[in-house]
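Next up: the structures, one after another.
Each of the next two complexes has chain A plus one more chain, namely chain B in the first and chain C in the second.
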Partner chain A sequence: MAAINHTFTPINNTSAIPLEKIPVLAVDDFMQSILKSVQKSHRISSYFGVATDKIDTTLLYVILSDDDENRLFVGRTEITGGSFPSLTALCPQIHLFEREIAEQFGLQPIGHPWLKPVRYTRNKTSPVEPAVGDFYRIDGDQIHEVAVGPVHAGIIEPGHFRFQCNGEKVLHLEIALGFQHRGIEEALIGGPDKKTIHYMETAAGDTTIGHTTTYCQIIEALSHTKKTARAQVLSGIALELERLANHIGDLGALSGDVGFLPTASFCGRIRGDFLNCTGLLCGNRFGRGFIKPSGLGSDIDSTTVDTLLKKIIVLTKETKDAISLLWSNQSVMARFEDTGLLTGQQAIELGVVGVAARASGLSRDARLNHPSGVFRFFQMHTCTVDSGDVFARAYIRWLEIEQSIDFIIKQLTSLPDGSVTPSSNDLDKNCLSVAINEGWRGEICHVAITGENGQFVRYKIVDPSFHNWYALAEAVKNQEISDFPLCNKSFNLSYCGHDL
Partner chain B sequence: MIQIFIHLLVLLIFPPLLPGVVNKTKALFAGRTGAPFFQLYYDIFKLMKKGMVISSTTTWVFTVAPVITLSCVLIAGLIIPIGNAPSCIFFTGDFLVFTYLFGLARFFTTAAALDTGSAFEGMGSSREVTFASLIEPALFFAFIVLVKLTGSLNLSGMVKAGSAIQYHTGSIASLVMIILGLYILFLAENSRIPVDDPNTHLELTMIHEVMVLDHSGPLLGIIEYASAMKFFVIGSILINIVISIFSITGWINYIVFIAGMLILSFVVGVTESIMARLKMSRVPSLLISSILLCGSSFIILLR
Partner chain C sequence: MFKEILIRMIQGKRTFKYPKGPAPVLPGKFKGRPYIDSALCDVNCNSCSDACPVDAINSQTKTIDLGNCLFCNDCTDACHSKAIVFTKDYRLSVRDRNDLIIHPEQKEIELAKELNQQMKRIFGRSLTLRQVSAGGCGACEADVNVLGTIGWDLGRFGIKFAASPRHADGLLVTGPVTKNMELALKKTYDAIPEPKIVIVVGACAISGGLYKDHPQANKGVESIIPVDLFIPGCPPNPLTILDGLLRLLGRV
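Right after this comes the complex of A and B.
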């Protein structure tokens, strides 16, 4: 077992290593090492291809997280020819990564049980089209198929859901995404330039701070600069404000989905108030333009700090009042409990991250497992609930809301002095850098590889939604189809974060 | 003659106000201002002026269904008594016609929904007829109790104001039980929480709303109007039974009736505000409890 540490190269979160220090493994060794690592409860944070100068050669990189030991590993191998061995049958969490590699590089994952496009289909004659392909079908007189989307009622993003049902019971759900594909990863190659940070801010619009913070850490690692203590604390506050706004919005939406109005209305308003807090902090309600490499877009003066503190203290009480209505209402609890079960074992196998993982009893929180920025100095504790149902995913959010408010108040009252002005420096050449952060939805993993002139030859973004969409499909199996919207909301995954 | 005129006036004009009261109550609980009381009138008026989009897969059933539904509800509305007068139409056994008018309306609503060929509407129809089959027994048990109490075989006689005074002692318990049972039935028939959620945008969870997804413009306007009237008609049975416990005579009956309908709407609003919707698989349990309430009230009466 000790051999694993030799085959894959350890790397610290938010750091960079020269490419020559990552040995190129033989394909079989590489694959066996991934399997062994996953058996040792490592997790695949990222797995992607990188094009090379030679037409029939592609490099595959893997980033593995060892959450228990707080370590990250990077490994790579070289694929020549048109195929590579698929590990999906033995390691389900890799299935979507393999489909992605197949789609982006035209490589065939040999032995993949369900190979179809992830985001788009591209052939020579037609333009790029969404990834709707063949769907898994169950035959039988009693079976009916329900197709939902891509255009939905309401204002949510587009995605297609294909249910196989027996009466009210869902036997199988297949989710087809890609309608939001904008080609962000392709556009980042050759960067960073003035546009890069704007792509990051909108990679997933509700996770602006999360993705931008992660990107900035990559740039800081590659350019040997860093944020001052003050800038780190403020960006940590922004990250937690983002978490608060989204978690509160989610609890309101969950409440609305079961038809419980008071919490739905109050939380909708309180979410807006927390967005306004971010607005007060940096001038934009979603935090756009705030986080910059090695600095911040703007600073905050002491009167604004006081105003912010006062607002948050008022909001804390209102939040508590609105959300505690949920836990004390039996009709709401009857809907939440035992709905949309995702067992801990399933969550481990599927590599689930974030709120959904913690709701299935897994202690996965990058703020604790792979801390960066202010979280290296301020220990967050990981909230877990074992039941794996909608209630667990709702309750985790509530626990995290309490913790985030606590964090923000503590940090705001002891804000360090210093400048927040960004500085810049040339990026290291031929390096790989990894940054992992806990966005409100879960683990955000960015990997950058620089080339001869210090520009990106590959920039890989993994949004937590990429890990978790399949878990949603598993959670609704054998549930009632009428509970699907509730399950969906309890995961609340991003379409654009997945589609990129 | 004047009473028939008032009956028609109330039946045709009053119903769309009731969902307005429900929504205002819900808004109050949620800390919102809410839509105006008369919003549904505006909505229906607006829909009537609009054009229609009709799917090419549908047949005449799709277009005719809303009209039939409205007619059925209207006729049912003529059978129920309002105020101190007997209803416009009454004859022996009219409560059977009353019940099956709703059955006819439901048949055409579900047929129109299936006509679209949409998976959503199919699911909605399936739910609607499943739940309806559980609602019907409760309604009949309630009617049997009323028949037994009053000895009358028409609705006007069965729910006459002040009639409860003549009942033998102990029959009030039966009345209270059928009122509870009918309240559940009323919520279910009008697709209110906890059975259905009229405000949801989630097609997969809907029952009634999903069956009319494809209707638009004037057809949707007719459906909205018919739904409001159904709320009024079924609610008026409930209110008439409550009024029958008190001895009220003369014109004041009308005022009490209207006030009763407004209070009923308020109570529906409160119910919707303080509880979440039931899980779909639990709905039959609630409906069966309505059958049990009405059924046992009949047994109590026979003891």
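Right after this comes the complex of A and C.
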């Protein structure tokens, strides 16, 4: 078990601490502490810069998760001048965070092996076109390059994939994103205001509940308010409904990708019906307007509870039928098994989270490791499968579907009474607050830092996709390029959640 | 094999009767076309426009621009006299951007007219679209995608989505058009053979929505290419989207 970390400051999930309680470490100490923590199997949940009044000074903050001991740590350091030491060579999971800091603050991570833009953020002096520039390239008579995107063949968000192939075999894939960059983090500075929660709802549209829940926990921590038991349970139900709709949709899409149409069409419909369940809760199929700081946008009456329960019981049977076809069909299993391998070791090194991590045997699930809200009282178990292939990522979803349905039925049948009306209060000044939740893709981490008047001077969002995109690139190595859509779907990462 | 057939029978036929029969039931809290009751409205009070996150309400005229509106309820929550109600009318699509402005007392929207005769002859029975997400959050995309599932079965109206602009008759765009997608959107549009149509889905694509003042985004699709059909919502319900598409083709 990991020893106590002396240099970084412990912080509880969904709590706030005054900034003065977080010592500003010397740059070397800070970097060494990150490395030591990661060696002790802590994970980097967030790592970001914060601008200061002084033009040549930037603060760097890190949030580390100790999943085994259910603890979080925060650390910070001050960078003066134009560069900071890169840890990527020793700690690969930090690579994209360093690229992001370089892009957002103009700081050079000295020693970064592949420093490229993350979102191709434009500035007035040098407009950078997304996905233009260097790509990792393999030369040779037998090598060919395949470029896909930004616009893809289906109804899906944009991104660019550059493959180096030898015949059918993918030797390397580089993923260039940023096409969806809408400037959310920049717009959050100075908030919260009337737009803030709507940014959270649309940060990743399929994870509306995940991101708004996390945001509201930050506001609750900073304003010393909280949701009533009823509101907590209902928001937990919404989170699991979101997981259900997406997992079922993904299994349908995976089934479609291997040309097995029964499950594809059943699941497409059932997914819609689970979205409609969220619609019953709040009027919107994606849960827009439902989760609010210290309350909910609306309550449900007992007839709605009954309708929901009845609906879910019917859907449960239909879901089981539809999905069980997958596991008993040999041609499906032949395509799922041993495709798109991601080993546990790779997943650890890359800091992979969520479904993809659990499918590579890692027991990472914020509902258990860092529980918040209703999950403090109702323990979920972490489902893991070891094989790290498309099958594992599909089967994990199935296990989680069963668990989420169970959870929802139990919670709906024992809904606590109480009000769900939101309340508000001023935010604490000069504080840092962190909130972590298990969205359907994986860990969602938000960090807010408030200034003199309680406004956000920085609001950092890390969508699980930010950790996981690189893992997809690893998983398709040595696969046939024709299996890429299948591998891609098995991760099903968010473009806008990454690009913000 | 037998199991597949058996489960197929249990799952049954799921395609909605709509548009010939009734439309699928929308949840009780569904928010469709807003209605502004001027008898209840205190013209000097600006609570609604102050609360609106996207400035969709004009404080002077008390009109709501559905091209901006997120259907978020912030205005109805803020209004002391309950002068704004969101009705269950899901029909919201228009051909002219100005028709999305809802005036006090207005009970009907000037809904989308069908394509002109020549266009209808070409596209009326077979319309192939290319979808471009240009900064969409994934929700509009999901609700367009859902039209392809067995419940809605878009294919029965001859509408389908193509994997190449060269095979398409038109574009369906979501998202505010981020600066980083502007070029790709233009190129896709140019690659579609004439005559072509452009359909935009969602507040972002119509006006830029929440992102309209961001330097990283444009103010919707119309600032880049001409638009033939506007389908408002954040995201629009699949029924609203289907209604819009069918109106354009003169099928409802």
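Just so we're on the same page, the second predicted complex is superposed on the first by the 485 of 500 C-alpha atoms of A that agree within 3 Å, B and C clash if a C-alpha of one lies under 4 Å from a C-alpha of the other, contacts with A are read in each partner's own complex, and residues count from 1 in each chain.
Keep in mind that, in the parts below, a residue touches a chain if its C-beta (ideal position, glycine included) is under 8 Å from a C-beta of that chain, and two chains touch if they have at least 3 such contacts.
Given the structure is predicted, the values throughout are model-derived calculations rather than measurements.
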Review point. Does chain B (first) or chain C (second) touch A:Asn70, or do both, or does neither?
Key: neither
Check your understanding: When the two structures are overlaid on chain A, which partner does A:Gly154 contact: first (chain B), second (chain C), both, or neither?
Key -> both
Exercise for review: Tell me which of chain B and chain C touches more residues of chain A.
Suggested key: C
Check your understanding: Taking the superposition as given, does A:Glu129 touch the first partner, chain B, the second, chain C, both, or neither?
Key -> second
Check your understanding: Between chain B (first) and chain C (second), which does A:Gln32 come into contact with in this model arrangement: first, second, both, or neither?
Key -> neither
Review point. Just chain B (first), just chain C (second), both, or neither: which does A:Asp321 touch?
Key: second
Point to revise | Which superposed partner A:Val332 touches (first chain B, second chain C, both, neither) | key: first
Exercise for review: State whether A:Gly259 touches chain B only (first), chain C only (second), both chains, or neither.
Suggested key: first
Exercise for review: With the two complexes superposed on chain A, say which partner A:Asn430 touches: chain B (first), chain C (second), both, or neither.
Suggested key: neither
Practice item. Classify the contacts of A:Cys282 with the two partner chains as first (chain B alone), second (chain C alone), both, or neither. Key: second
Exercise for review: Mind sorting out which residues of chain A both chain B and chain C touch, each in its own complex?
Suggested key: 153-154, 262, 265-266, 269, 329
Revision key, fill the gap. Counting only contacts in the complex, chain A reaches chain C at residues 119-122, 129-130, 150-151, 153-158, 178-183, 186-187, 194-195, 198-199, 202-206, 208, 262, 265-266, 268-269, 271-272, 275-276, 279-280, 282-286, 288-289, 297-298, 304, 318, 321-322, 325, 328-329, 494-496
Review point. Inside the complex, what are the residues of chain A that reach chain B?
Key: 144-148, 153-154, 167-168, 255, 257-262, 264-266, 269, 329, 331-332, 334-335, 339, 480-485
Review point. What does chain C use to touch chain A in their complex?
Key: 3-4, 7-8, 10-11, 14, 26-31, 51-54, 70-74, 130-146, 148-151, 161, 163-164, 175-176, 178-181, 183-184, 188, 210-211, 214-217, 234-235, 237-238
Exercise for review: Can you check the complex and tell me which residues of chain B touch chain A?
Suggested key: 26, 29-32, 119-120, 122-123, 126-127, 193-194, 197, 199-205, 272-282
